[in-house]
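Below is one structure; the comments refer to it alone.
When the chains are written out, they are named A, B, C, D and E in that same order, and each has its own residue count from 1.
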Amino acid sequence: MLHPVPGSTGAAPPLLSLEDFTVAFAQGAGRTRVVHGIDLTLQRGEALGIVGESGCGKSVTWLAALRLLGKRAVTTGRVLLNGRDLSGFSERELADVRGGRIGLIFQDPTSCLNPILRIGTQIGEALRLHRGLTGKAAEREALRLLDRVGIADAPRRLRQHAHELSGGMNQRVMIAIALAGEPDVLVADEPTTALDATIQAQILDLIRDIRRDTGMGLVLISHDLGVIADLCDRVAVMYAGRVVETAATQDLLGSPRHPYTRGLLAALPSLEGPRVRLTPVGGTVPSPDAMPPGCAFAPRCAYAEAHCGNGIPVLQPAGTGHLSACRRLDALMGEWQRQAAREAGRHDPVVQDLDWPNRDRQRELSA
Amino acid sequence: MTPLLNVRDLACRYRVTGKRGETHWLHAVDGVNFTLDAGRTLGVVGESGCGKSTTAKLVLGLQPASRGRITFAGEPVSATRDSHWRAMRRRMQMVHQDPLAALDRRLTVGEQVIEPLIIHGLKGGPQTPRERALALFDAVGLRAAMFERYPHELSGGQRQRVVLARALVLDPELVVCDEPISALDVSVAAQVINLLQDLQGRFGMAYLFISHDLKVVRQIADEVAVMYLGRIVEQGAPDDLFHTPAHPYTEALVSAIPTVGQRDRKRIVLAGDPPNPVDRPAGCAFHPRCPRATAICRSEVPPLRPVAEGRLAACHLVPAVSARSAAA
Amino acid sequence: MTVQEGVLTKRRRRPLPPLGFIISLGFLTVVIFGAVFANVLPIDPLAQNIVDSLKPPSGSHWFGTDELGRDIMARVIFGARTSLVTAAGAVIIAALIGVPIGLVAGYFGGWRDTVLMRFIDVLLALPNILLAMALIAVLGRSQTAALIAVGVAGVPSFARIARAQVLTLRQLDFVSAVRGFGCSSSYIMFRTILPNILSPLMVQVIVLSSVAILLEAALAFLGVGVPPPTPSWGEMLRTGKSYLYEAPYYAVLPGLVLTLTILSFDTIGKQMSRALDPRSGGGTPGELERAGP
Amino acid sequence: GATASAQALKGGTLRIGVLDEIANYDPQQLSTVNFYVIKNLYDSLIEYTADGKPVPSLATAWKIAPDNKSVTVTLRDGVTFHSGTPFKADGVIAALTKGADPARGKNVYSTMAVVKDWTAPDDRTVTINFKDPVPDRQILDLLQFLIPIDPKGVETVETVPAGTGPYLLESRSVGQGMKLKANPNYWRKGEPVSKEIVFTIFSEDAAATAALESGAIDMVYNGSSRSAARLKNAGYQVFDGPGKLVQVFRINSTRGPFRNKKFRQAFNYLMDRDGILRVGYAGMGQVVALPWAPASPAFDASYTKTYAYDLEKAKALLKESGLTPAEMQDWKLLVNGSDEPSVRISQVVQATLAQVGIKIDLDIRQGAEFVDALLKGNFDAVFGGVGNVQKFPSRVATNSIYRTSKNPVLKDPHPHPDYVAAIAKVDTTFGSGTDVKASYDNLNKVLVDESFGIPTNSYEVGLIVASDKIGGITPDMDNLLVARTIGFK
Amino acid sequence: MTGFILRRLAQLIPVLLIASFAIWAMIFAVPGGPVGMMVGENATPEEIAAATRKLGLDRPIPVQYFNWLTHAVTGDFGQSLHSRDPVTKLIGERLPATLQLALVSILVALVIGIPVAITGAVKEGSWVDRLLNGWNALALGVPTFWLGILLILLFSVELRWLPSASRYVPLWEDPNQALRSLILPGLTLGLYVSGILARFLKASLVSEARADYVRTARAKGVSERQIVGHHIMQNALLPFITIVGLMVANFIGGAVVTEAVFTYPGLGRLLIQAISTRDYPLIQGCIVVILVIYMAISLIVDILYAVIDPRIEYR
């Protein structure tokens, strides 16, 4: 499937788009910027995956876009919902958007539910706010929603509290609450990270089904490429507060065009194929208040050259619907293609082990 | 040759208080058997609460078992804190999940690596404690300069290296790793996995490697045990086990793993939640969620028995192979 | 994937402490200075001048004189010494008894916990002031008695804090790790756990200091504290209260100093605990403790 | 004499602030805490006027036998106890019996020491016989002290009042106060004036005076001299009765440096009596060097001049004592912590002693602990008020420090035989001649010579501070509160 | 639930036994006995001996304790040695006074504390918050006896509006008089407690405000007002109940100082008086009552807590 490259707008405006969006936190007297200018679009009904290491700004971006981070977070840039900028919205208008146009679910479902209110009350609250339903009508709708998210024995569950339900069930409840406002987009922030593998599969299935039935858009945040690959049409890879690569899922997994994405893929152990030694990305993510100049990934990048330290690389086309923010994109693309051809069938490290403090000793050990 | 670690019919239960103050028994581990040879790695996988960590603590004698027997290099392991128990500590060590939590924020990492030597009074010997600790720093790939740092001044990967160095400083024969990489980022996790493998190659200790991530276990283990509700339901070589799971639970678990490579793979989605260990289902504990359960599954507990070459499974539906061919 | 990873690798710039904290610190410094150097100051809290009794504040007697013509300011300064010495001694006693109780109860649990905590419950159920008065009744009225009584009243709070801290710490991996090395229980309690709970205990020391000063003053106010003629703030309030008509300043001025001292301790304690609570953006216990290096 | 003015007074509810909780209703357990109820719930056999003249009360007449070995009392007719029982000789006998019983006699017991037995020839007459001849004044003191008790209520008198007094107990709330209401069958005509008395207990003098000033109460009984002095200036009425107490610096002469007579005598000069009177009692009272109130027959003002505050004389005596400075210091001054003036004057003495190089500590104790130390003689020195100083001189021996036998402080045998002899002399000298005077002079000389008690000043007890609306206050020899004549102007 | 309550009640017994024995043993360690106070300072040895015998104080301590205990379990706490009144009567007279003061103080504390806490939490970090923090520090730091003195100085000495000495008048008998008596001590005590309550409530409001479910509520589109009123407040009030309960429990015997300042006839002062006169049965009685009430209140709080908070189970 082809997606319009941002900028080459089609007929209708995208459902949701971020333009040069930045987020900073007030820190004492100064500010620490954690998201450094993001451009992202989400078409109606599309599923967009966001991956990246911990702390790269995946959650903050979306929470800040809906102004859910409180006063300490300062944002710039635009957040357009159907072409209207959310930053101009009053708290009231925004409240309608939250839950009404954009539903959110989070990582730890149990702590995300109010511990002393009944499940039914919490679903009912969303129904009242966004659909004006109360009393019997609300209850009927709540039952339908619980049914929809696959909770058996719904009438009883409505009267229970979060701690009486398992994590998987609570995540279903969260989804039901998100669905209550019949939103256009569901933003799911690591919805399965806290859940077991078998439960994770259930939830992912559920989200897929709901999307199929309602045509709702999806922003799925995860650090697990597997989860994203499972559900998303398109992926954006974030690194240190920036989007470094975005492409259709298959495209990105098949031929990653950014050294960081390649490194991420190479570091993943696999259940299939022969067992090979993993190739980790050395070093660690720079902290937001100590960003390297130029490309943030350069200090860890095996392909980095001197000029990577000057100026921040911008996203540039790297194929159809494929953007990558690397200064050496052209050079590397050629190199990788040659390498792929040469080593077809062999499983060799994609990237070199870089910041390994005792590289020589390491060799000796593995010998 | 006797195995390094031999666990027979291990069980552990906790007393829990119910809603109305009544006492229940929670069978966290319920009849676990396995052996582990020196220098080998046994991976243990299973869902949250299936008893992995409890098994680890029992094996190390950190907690008394309610049933069963553990022998370590021929000696029984008990949880009575006597001098024998203390001496045994030198030979078996543990690596925890969250490296930051596993380190004392108040001490430099160097001091913490030396601490076990001090506790065991190993101040003399060919190396001073500091030399020994520095040698291990080197082995786990930490610069000597980091010796004086505090845990929060290191990165996640570096902290886990410190934890490993500390575990190895007493030269243990067995290291129990309880989800050692779950708290780490993907790229850092790969560093630690590699390091674990390298260290085993160099020092030859055995690993009991616990994880809920099948992919990681496959990467590191020589043998895998799949646990479900306090029991091992399947055991075998990782590749075989993950490619041709014998037990329906293993099968579902493997198929549930989202993988980068295969999209739209047919998934077996299990219905329901993992059962409550307080009231275990009768018969095969897995039967309420098992798509293939039959009458016998509801009534009889399936024993863990050989089902193929080097493979054990606890399922009524999988035909057993004869003991002889299994032993081969 | 912990948040701390990002936060802790770099030490953040800490904002300047609030004004109240600085003022409190300044005030306490003055009080402590006065208490320590009271002896070398040219003042005598005991010198009587009966003819000049109950004179309002003036150039020669800034705080006025009391019923025996003694200089109230001199007595307030020496009273600081009584208060601070009693409070310090009491807090030390409370910590020396309470912390081990909490450590043992929390670490071992089981019957030791039950027995020790029942004991603490009894202490707790009796209001501090009554407990202290009962002890003073046994020990006789003296500074030592006041010190012990206030100290014993502070035992439960140390015991409970220590116990609660141990209960959380005991679960933590680094404690299990040390245990896994095969060390003794006392090693874990006193070498591993104790240093790690020092910071919350320090906060408690500050908080309890203000409580101890208050309690000491209250005892003196009720007439069972440090016996006269030793100057003591509470005793001055007690006596001053009966001269409310003739000499209102008598009760008001020492009370003001007492109040400011308590407020200062309180402010400092609060600032410290804020610094300790990572969620309120201060730092970690470890950081505060090693503020030097 | 009060009756005349009582005519002009209106009754009503008299609201009186007091500072103590009563111990009980037993009239024989007379202590300052009970002072405000006894004379209102009970009547004694006779009463004294302020200048010491005996007047009838429940006894209409009394006749002392010529040999001073018995007294015959005629009882008033038509009086009933609160229970309705008519007052007869058995009421007096009940009191005598109780008073002579060491277990129940309480304060009366020691006074009863001179009594041999008693007879009641008829319902209206009681004769009390003495072991030895007893001076007149001492006999009158006994009659004034004897309060008839309802024979039916004598066993429960601690909790249920059993008297004939002008008021009945209406209700009591422990720690808060009590309410008395007028006895409708009271035998004194036109009395009590006020129909109701509400006693409110204040734990502090300041609180009581504040209540008086705010108009919440009409008078304060037994408040401190200090606030009385202040309120007097503010226009309130202050009444001090004849029954003063004398503050005595009591010395345990069986201990430490106090065994040395010269050392003890130095204390006569070490007392800054004026300072003590001012600091302790706001100047209300007199400085004294002998344990007598001015109303006492043994009162002698000259001693006060002779033994005025004089550090030089004191130093000389201290030197004469031959004690080393170290020997002089090793003691503590016991202080009654519940008594504010004591705390203050003890500090004055402490400061004075420091000036002559004697450093001492104060041993401040409260309540039971203090009394315990006092009773056991467990102290080196202590300030304590002595009572009965306005009565027959030998009555001073009812106070523990002045006791001639079984002295709890000085123990037996009495270390000051001269003093014992002087008291005996007073007790056996009858009449009103010069020999009586001589026996008093001798006692005074011995008292200052032995110096085991150093009187400093007399002070008021049972002070009454009243708003100007109040009138008709009757003074009592012991300064007990006599409310029956009090009313509103 | 019944089982839970019974179990908790059963736990009370050993505490009471230990406490009462400890106190009994302790009061005999105290110098001075009740006899002196009873017989007076001028008493003779005979009187002392007679009184001692009469009180049964000449018997061995364990015997005395056992005697007391056998009576106490039947509800008979003996007589006050001093006033000869039954201990239960004496305590019964003071308890309502104490409870009345506790009630008024808690009301004052709640009326001041809750708005302060909510405003502070909502405006966290602003100057209003700082101001209120300062106010709280003041409420906590000003010793009650000094505050009491200042209040007396102002309202009684200067303005003469209110009595400086408070009395116990039952509220239902004469509300006006009762309030006049309660207003100063209630304010003194209430102000102090308001500081505790406000600090505590604010802390729990602030920490609840950081909880994940609050973010969920916002994400649902719930208005800020409702989030505070509905979600945060309800959760924060739960632990608050404990504190309020503890405070009330502490007032039963612990308001001694305020009682002393205003000469209020509370239980605490009765106990102090009993200690000072060595009135053994009264001391025991008071302490047992204070302990029982303390534990009863904490039990009630626990039950309330479990009833209100669905997460708590009866243990």
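In this text, a residue touches a chain if its C-beta (ideal position, glycine included) is under 8 Å from a C-beta of that chain, and two chains touch if they have at least 3 such contacts.
Owing to the predicted nature of the structure, the values given are computational and were not obtained by experimental measurement.
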Shortest walk length in steps over touching chains, subunit A through to subunit D: 2
Selected interface, C-D versus A-E, where C-beta contact pairs are more numerous: A-E
Chain centre separation in whole Å, for subunit E relative to subunit C (CA means): 22
Rounded Å distance, subunit A centre to subunit C centre (Cα mean): 51
Gap in Å, rounded to a whole number, between the CA centres of subunit D and subunit B: 89
Inter-chain centre distance, subunit A versus subunit B - centres from mean C-alpha coordinates, in Å: 31
Residues of subunit A engaged with two or more neighbouring chains: 54, 223, 284-285
Contacts with two or more other chains, residues of subunit C listed in rising order: 1, 5, 9, 137, 140, 241, 244-245
Numbers and ranges of subunit B residues touching at least 2 other chains: 155-156, 185
Contacting residues of subunit B [partner subunit C, same complex]: 60, 62, 81, 85-90, 93-94, 96-98, 100-106, 115-116, 119-120, 150, 152-156, 163, 166, 170, 183-185
Touch list for subunit B against partner subunit A, complex: 47-48, 138-139, 141-143, 155-157, 185-191, 193-194, 197-199, 201-202, 212, 214-216, 218-219, 239, 242, 252-263, 267, 269-270, 273-274
Residues of subunit C touching subunit E in the complex: 18, 20, 118-119, 121-122, 125-130, 133-134, 137-138, 140, 210, 214, 217-218, 221-222, 234, 237, 240-241, 244-245, 248, 251-252, 255-256, 258-259, 262-263, 266-267, 270, 279
In the complex, subunit E residues that touch subunit C: 14-15, 18-19, 22-23, 26, 29-31, 130, 134, 137-138, 140-143, 145-146, 149-150, 152-153, 157, 207, 210, 249-250, 252-254, 256-257, 260-261, 268, 271-272, 275, 287, 290-291, 294-295
Subunit A partner contacts - residues on subunit E that touch it in the complex: 211-213, 215-224, 231, 234-235, 238, 308-311
